[in-house]
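Reading through the structure tokens given below for one structure.
Each chain carries a letter (A, B, C, D and E) given by its place in the written order, and its residues are counted from 1.
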């Protein structure tokens, strides 16, 4: 137990990686499926352990692990959980088994590789969520790209090479700028303290000159903005989503994009508070533009998946403005908005994940995603209709679904910060309903005219198995948000109120056992 | 005394092998001489207390790289070079001369210089006391040169992939062969 | 006594052989082998230098050079095979695709 | 605990019907749906009686916490006071009747689980709306009823028109909801609470201490909330969804689009009357919008042929009255009209539904006529309903509508115009309602042979509730009899609501007229005007439509041709919205996607890549291609460099 | 030079080592030369036993038939004195070099095995392996990786397509299996923390539960498979599948050169058996009797103890030699693609994972020991 408690994060993160290897080694696809499912469930159970043993009373870092990694550069293996990443970890481990279930029926030759890549991806995502060392984080951050690159590039649609290359290059540009900024920060910290370290907890205290901060913030924010993606950097997203297989889209929308907003909250804002205050209006403006813009473009789409993809641009605009809503003249962040932003990340993962799954369901049956090919599906697929409507409602933020809680808190906080921005962003609520209901109407309602649609089969038990948890969660998150918010409250309030002088402490003392720097001489004796 | 003998033996073998590598017309023979060359080099390394490098030299160079050469030679089934004499044009003779002269000058300069020491503090005893050659090299490799080491492993990975991709059979276009015939 | 200069001269000679091989052998495989020869000349200098200076960096460098040589041989030979498949020869006189 | 059961039963019904018993027969669905509501009604009645028995003091029922974030708190707290208690009864009571009726109306459907599930869910949401102690819980209900309305309007989704109507309803409502949301934000920003009870305490006890900023904010808050009310209660300019919403099954129209949901705006304003009293400017706006809507919708109703459309515009018009009542500060009058309207409009809709069922789902009044003989009960109850709505003395509409008009007149000089509009609307109301009655039940039957053969009175499941509603429509007016009329108890209803309606001391002067004494003659005069107007226009309508579209009607139609066309096209409001809002927005969206996204942003992105390739191509120059030549050049260079190093 | 001076010279430190080395090398050479005849005998008698027949039992010396043991000797004599035929198209030089390469590498490797604990000779510590290096482990790998040349060159130089195909097969196989072989042994290096084979034996101690086979069972299994593949033995003897390739790379070799290949093959088998015994089964350690106990039992006579150790090692190695024979007559031959996919797709990944897991476990244990 002691061991599990002190290594739970490593277990959660690396069980998927081990699973990936095991999947590759398994002799048959049928075994590989069970192995991957088993691995993902173990990861989920491990994250549940984190969830239940998480101390909701403190803003500190919990379940911390620290080992020397590259001592000569001050690079460490640091992991930890606080309120800002707890929910995202849960989301990741929760979505993965569902996605594996959704690809259960696929049996092409490369499927084993797919499962393996997918588990690697999970490891990458979890790693970048729990890493508290810049270099450690960066390794995972980049490692995540590789499986995604292959998932889109090998299992994608017609135009997949273009899409995946665009995805990689876009993301990479941002990452490189971030890397440069990380190095600058590293050097700055050395100049101030004389210690070489990439430990985020130490770097929070680094104070840079205002002008330097601006550049650093810009570099970090750009990297994350591309990942989110924010308005002018979003064009990789629709392509990637349209070309990616359903499972890829789900994980992309469900978790990958959140890493952008998570990075913003974890790195960009607390590291460069002054720059945050200065840039906040710009970020808010871009976020609001993104909300409206994404909604309007989504409305025009003829391809269901592209529509959902653009809706992500719109929804994540909310998360961005929620993250940077400064109040009291830049002295603090709005705790309401920040809570909403953290919460909305999860909601978006659930609702958009479900939407992508659903689009995948009909794509599996009809091999088309064009809205014009559908209509009246509700008659032949009533349960599908139920699920789609639930997902839609969660997506448009109807009260009683998780989407509402998130959007409401974000809008409230933004409104407190800037009434104009809040009011404009509120238009997104209307426009969101416009395109989502259009989607629903064109697929579900209207006369059932197309002959091919008349024989469609309703959801299979397997599809139920992965859609139902999402639907239930969407409602539970709307009705009992405190179940989740209670866990994250201290962390969020700490960041919101003290972001000018942010500090988190590790609850358990970081143990500095030299796992990898062990003295070789003593081996074998 | 022993060391001189060892050096002289290995050095002369190396010199002969090196020349034979570039002079023999048959690629297989060249490869055999290359193996000899590498083996003798390993011997020299061992005589300089660099056991680890020596072992690696034989293991990787002789045991893997040259085998690969041999494989390719056999795979392509190339006969000995057709021309008995190298066709060398005037500018090439110039370059040849320049190169040889250049190297002679460098060698001469080296010989003219004062002999600077034989062995530094890295004697056999010192190395043994520090835990053996392998251990000490390992320590340097995994601390100071960790990044290059990681990079090297990435390089190998890339090379594997590249080699597979490049050598993979592809459809040979007739046009290329024709172009070759004209070119 | 064997001094560093002996090693250097030997290395120079090996390097010369390698250079000449690269420049005057028409067989691509031979060119590659000559390159190996040059690399080994450098290795020799490194090891002797390491011994002279009393630190192990030279030996580590050799290690890296061997790594690079392995990669180079792998990729290079793959290219030779590809070239042979495509053009039916590995004689550089006939391989002038890069001619502008 | 009984209280929670009221909420629980409809939710349970919705859950069972919607997710569990999807294979059940329509009868099972119906019985389950109706039983849930009847049970809720019984518990509501018991709760209400207990509540009134305890003195009728407002009480807050604490539930679980819902959202806690930062300083923002929104628990699931419920308020039980005289207003919500009354609404509780209306919703569950009339809801039960309509649920019972719906079984008959929907008996031809193969599966009705969806229908009853939605209806039950609607009732649950409506209860949340009414009972919520803070703006956010109310907002759940507010959007929830919108959702159910959307689903029910699009119940027969196979017709694209119905799906479109549902969507329109949802979207137009959402516009209002944004106003509501902004109202919540403002409230929280300036008062740091969104709980009704806390707000009320704050305003009423610290009323004098409100600073200027807060007072100004109250103006904006009320205005924003009123936008929300406009959306839900179908006021100008957001009323357009309600007529289209008639695409849903008629019980839905009766329950949602007449009796309950559309009155949510009035309920909300009444709930927050202390805020609205503090914002006289907003009140002016509210009253004006109400009056204009009342007349505007009434005029459109004059020329409609679809029986449900007439009733729909009538509803809009009547809602205008209620809003007018709120606007002039007479909240109890507004709510009273809400009450009576719920009874008689439900009655009218259900009656119309019976007619529609009898006519095999034909709704055009031009094909009806003379149904009196075939459907005596329906005719009788419809007659009562019509008389009630047109304000025939002695029936409920007379009392409630007159009260509003009276308050409007006494509201001061600034409200006389509104009174005028309202009175005119009343005249129109009597005309189109009598027209409806005449065209449907009197004259010759104009339907085709086939339909005629099957015309018959509906089953007891359908006319039973109608009779109950008819009794209510006739009787409830006596709960609020004005002083001038001889009756044992006067203004019972107003007194009943007294604790809910509270004018903050700060603005007591402004609203003094609400409690002022007026000469009885004035009151008689106002009442007289209404009654005479009603009588004249009714007689006019009877003479015009005594036997279908008589000569008079046709000649009038041809004389006011252009006017008639404008009215029958509903003032081209939909077309206006389409041309000036929807189409431009669509164009902008298309532009954003096709030009900004694809051409500009992606163009730049792809352009960067292409530029790189171009530069690479340019910088590669001609080469000889000989490996050895290249190598030699390299070696010569190296030798030169080394020479430089050495010498 | 007088006798005393000679003795002085001979008893100097260097001289003792040199003489010891020469003696050791001679012993190993002689030992190795005994392996093929014995093995040939075993390989004839074993199937005979399995198949219920007699096998060679006629050749004898002075009426002592010795169970046909002398048949091997007779064969050896016959091989050496046969006429040497060189194929016409063969590349003469390479053709001659190839078998030498084979014997050379096999013998070199045999020299690196520790045949016993260090003994003291005239106060000098003398290791019982002829070539004692602190990287003995790597040395074995390095030299055995050269063995592939013998095969390759032999096949190529014969100018015979069966030979060439056989040699390509054999060398590809050897290269492929060298990697899993290495992968299977590296965990042992990690566990025992040394590259010195003698130290590894010491670290294993006399008790079987601390032997390599217990500490790294998966490594042992991998090694066992690689052992067969590395020596081109059944069931991996595709290089000389009689039915397909006549005799593989040595089709064109005869008389002494053939004998050389023969020798090198059996010596390689012997060396790998010794290696298996050394790395996994405690090498020269007498089971359950620690060296010190043994030494005191034998009255402190180191050379006796060394001899006991040597016997132990040989017994252990003999077991593996027997396994070679046993497997050869038990298992059918693999198909070539099966062989390759087994090597690359199964053995290598398993080896990598095994290495990873072992390393982690060792690191954790180290780590735990530290606190």
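The rule is simple: contacts are C-beta pairs under 8 Å (C-beta built on N, C-alpha and C of every residue); 3 or more make two chains touch, one makes a residue touch a chain.
Small disclaimer: the values here were computed from a predicted structure and weren't measured.
What is the touch distance from chain D to chain E, in steps?
Between chain D and chain E, the shortest chain-hopping route counts 2.
Common contacts of chain A and chain E?
Output, common partners of chain A and chain E: B.
Which chain is most remote from chain C in terms of Cα centres?
D
In terms of C-beta pairs in contact, which two chains are most connected?
Per-pair contact counts point to B-C as the maximum.
In terms of CA centres, which chain lies closest to the overall middle?
That would be A.
As a quick test, compute the distance in whole Å between the mean CA positions of chain C and chain D.
Inter-chain centre distance comes to 85 Å.
Chain B to chain E: how many Å between their CA centres?
29
What whole-Å value do you get for the distance between chain B and chain C if each is reduced to the mean of its CA atoms?
Roughly 5 Å separates the two chain centres.
Once you find the CA centre of chain B and the CA centre of chain D, what distance in Å lies between them?
Centres of chain B and chain D (C-alpha means) sit 87 Å apart.
Any chance you could list the residues of chain C touching two or more other chains?
Those would be 19, 23-24, 26, 96.
Taking each residue of chain A in turn, which ones touch at least two of the other chains?
Residues 520-521 of chain A each touch two or more of the other chains.
Among the residues of chain D, pick out those that touch two or more other chains and give their numbers.
628, 632, 635 - these are the residues of chain D that touch more than one other chain.
Can you name every chain pair that touches?
Pairwise, the chains that meet the contact rule are A-B, A-D, A-E, B-C, B-D, B-E, C-D.
What residues of chain B sit close enough to touch chain D in their complex?
Counting only chain B, the residues touching chain D are 91-92, 95, 98-99, 102, 105-106, 109.
Tell me, which parts of chain D touch chain B in their complex?
Interface residues on chain D, with respect to chain B: 628, 632, 635-636, 639, 642-643, 646.
For chain D, which residues count as touching chain C in their complex?
For chain D paired with chain C, touching residues are 621-628, 631-632, 635.
Taking the complex as given, what residues does chain A use to touch chain D?
166, 169-170, 232, 234-236, 238, 293, 296-297, 299-301, 334-336, 338-340, 376, 378-379, 382, 386, 389, 393, 398-400, 404-405, 408-409, 411-413, 415-416, 419, 422-423, 426-427, 429-430, 433-434, 437-438, 441, 444-448, 479-482, 485-486, 489, 492-493, 496
Can you name the residues of chain D that touch chain A in the complex?
The contact residues of chain D facing chain A are 18-19, 22, 64-72, 136, 139-140, 142-144, 147, 150-151, 154, 157-160, 162-164, 167, 170-171, 174-175, 177-178, 181-182, 184-186, 188-189, 585-586, 588-590, 592-594, 596-597, 601-602, 605, 609.
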